[in-house]
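Next up, some structures in C-alpha cells.
Here chain A shows up in two complexes: once beside chain B, once beside chain C.
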Partner chain A sequence: MNHLEINLHDGREAFDPGEELTGTVHWQLDCSPQTAELRLFWFTRGKGTEDAGVVETVRFDHPLERDTRSFRFQLPPAPYSFSGKLISLVWALELVTQSPDEVTRREIVVAPGRREVELGTAEVPGRRERWYERFIRRGEPVGSVTQAGPE
Partner chain B sequence: MLPQLPPKGDIFIESERGHSQRVTTYSFLALFNPRVRVTLSPGTVSLGQRVYVQWEFSGRTQVLRSLRMWLEGREEATYRRGTSTYTDKSIFAALPVVETTHAAEIASGSAGVTIPADLMHSFSGDNNKIVWALRVEGEIERWPDVSEEFPVTVLPAPVERMRA
Partner chain C sequence: MKARDNPFRSEAVERIAFRLEGATWLELLEQLRRLNYRASLVGPHGSGKTTLLEELGRRLAEQGFRIRHARLSEEHPRLSAAQSARLFKGLSREHLILLDGAEQLSWLEWRRFLRRCRGAGGLIITTHKPGRLPVLYECRTSARLLEEILSGICPQSVAPRFPSAETLFERSRGNIREALRACYDLCALQ
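Moving on to the complex of A and B:
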C-alpha cells in the first residue's frame, strides 16, 4: 500500500512570517515514482471562489520506491494565515508523486506570534440609521405591539 | 445605426425604470457636493503603525452638518452562482478617525489612528480580498450626503519588528 508523509522539525505546525521551515518527507510506494516534489503554498477557503498561490517547490531527484528526504523553506513575510467571517487563508505543504500518482497535504499556520489572525465583525462608528432600515431590521416587526398579560 | 446621444447638459437616464432614474438624479445632485482632499502620512502604512490623516474640503463646505471619517478593514469574497457573480463583504475593523459637527473642524483638520497589529494586512486574490479604505461621510440636509472611499494599502508588519 502506498504511503506518504510530511514531518516538520520538532513537530511544529505554526511559524512566524519570514521564519525557516525544515523537516523531512517520507514515502513508501509500490514502485519508484517518476517525480516527487514538495510544494509550499497557500489557498483560500470560504464563501469566495478559491484562490491559491504556490510559493516554492522542491523537487527530489531520482526518487526511490522507499525514500526519506529533507527539505528547507524560507517562509515569505505574507500573506498571513487568517480566519474571517467569509474567507480563511490557509498555508500548507503538499507532497506529490507521479506514476504512481499520490498526494498528501499538511496544513500549517504562518502568522505573527505563530497564531492565526482571527477577524470578527465591527460596527461602523456613529452610523445613522437610514429611514428604510427601520423596515428591514432582523426579525423585528415595524411599530410596537403591547402584549396583554394576567395582572 | 448610431445610438442617439442625450442633449448636452441634460441628465442621461439609462433606463425607463423609476429606480434607475432616482439613482441617476441622486448621483447628479451629488456632483455639486463639497470635495474632500485627504493626505495620509506616512504614505506607506503597515500593521501596528500610527497613521495621520489630514483632510480639507473645498466647494460648498458650509452645507455640511457633520463629518465622520473612519479607517475600514473588510473581507470581500466573490463567487459565482449560475450565470451571476456576487461579492459579499464583511467589515472586521472600523477605526474612528474623526466625528464632528463643528464647521471649522469639518472644513479641515487632522487626526491620528493606530492600526492594530493583530489584524490582517491588505490582500488581493482574484476572488478574495482584504480591503482597507478610509471612509468619509458628510451629512447634508435635504441633499445627497458626501460619501467617499479612499483605498489604503496596509502592509504586513516588517519581519524585523516581529522578531523584536
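Moving on to the complex of A and C:
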C-alpha cells in the first residue's frame, strides 16, 4: 500500500513570513516512482473562484521505492495566511509522486506572529446610521463602508 | 464560520458529482456515439450542465478522445483570438470540443463556430434551450435532488438550523447553484 508523509522540523505548523522551513518527506510505494517532488504553494478557499500560486518546487532525484529526503524552503514575505467569512488564503506543502493519486498535502500557517490573520466584517451602515451621518455628523462621508475590528 | 471551514465552499461544491436520472453513463455514451458525438446538454441556470459536461469530458478522454474545452458566460460571451486559435488549431477526428454556454453565441456566431469545428471528431455543447444540436440529456432540478445534495455535504451541526430543501429550492427558483451559495452564506453567519 502506498504511503506518503511530510514532516516539518520540530513539528511546527506555523511560520513567520521570510522564515526558513525545513523538514523531511517520506514515501513507501509499490514501485520506484519516476518523479517525486515537493511543492510550496498557497491557495484560496471560499465562496468564489479559487486562486493558487506555486512558490517553489523541490525535485528529488532518483527516488526509490521507499525513501526519505530532507527539504528546505525560504518562505516569501507574502501573502499571509488569512481567513474571513468569504475567503481564506491557505499555505500548504504537497508531495507528489508520479501519478496524481499519489499525493499528500500538509497545510501550514504563514503570517506575522505565526498566527493566521482573521478578517473582520465590513459593516454597511443602515438607513438610520446614514441619516445620522448626514444630518447630525455633517462633513463625514455618507454611506461609507467601515472595517470592524478583528473577530 | 471561516471560509476555509465552510462546507459549501466552491472547492467542496465542485466535487459534487452529477446525478444521472433515467439513464446510465453507458447508455448516455452509447447515445452520444449514435449522435456522431454532436449533441447538446440542455437545462436552466444551476441545473448541473457544466458538471455533466466536465464528467462527460473525463469519460470521453478515458475512451481516447482528446478533449478541448471552451467556456462562454455572460461576463465573457466571446472567445478571444488567442482562445480561438488554441481551440481550433490542428483539429482532427480524435479531438472533441466541449463548449459550455453556447447560448451566448448569436445565430451567425454559432454558424461560424460550427464551421470551424468541422475538422473535429465531435462537438458537445451546453445551452439553456434545445435547437442548436440534438439533445443528449436534459438537466432538471427538484427539491428532492437538492435535499440529496445537502445531505451529502451539510454537517449535522448546522443542518437543523437550515430552512428545508423545499424552501431553499423555491427561494432559488430551482437553481441548485444559487441554493448552495445561499447555504454558504447561512454557514458563514454561524
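Observations, loosely collected:
Keep this in mind: the second predicted complex is superposed on the first by the 118 of 151 C-alpha atoms of A that agree within 3 Å, B and C clash if a C-alpha of one lies under 4 Å from a C-alpha of the other, contacts with A are read in each partner's own complex, and residues count from 1 in each chain.
Criterion: contacts are C-beta pairs under 8 Å (C-beta built on N, C-alpha and C of every residue); 3 or more make two chains touch, one makes a residue touch a chain.
A quick note: this is a predicted structure, and the numbers were derived from the prediction, not measured.
For chain A, the partner with contacts to more residues, out of chain B and chain C, is B. Of the two partner chains placed by superposition, chain B and chain C are both touched by A:E50. Within the superposed three-chain model, A:V90 lies in touch with chain C and out of touch with chain B [touch as defined at top]. The residues of chain A shared by its contacts with chain B and with chain C are 46-50, 84-87.
Only residues 1-4, 6, 8-11, 181, 184-185, 188-189 of chain C touch chain A when the two sit together in their complex. Residues 68, 70, 72-73, 75-80, 88-94, 96, 99, 117-121, 123, 125-128, 130, 135, 139, 155-159, 162-163 of chain B touch chain A in their complex.
The touching residues of chain A, when paired with chain B in their complex, are 16-18, 44, 46-51, 53, 77-80, 82, 84-87, 89, 112, 117, 119-128. Per the touch definition, chain A reaches chain C in the complex via residues 45-50, 83-88, 90, 118.
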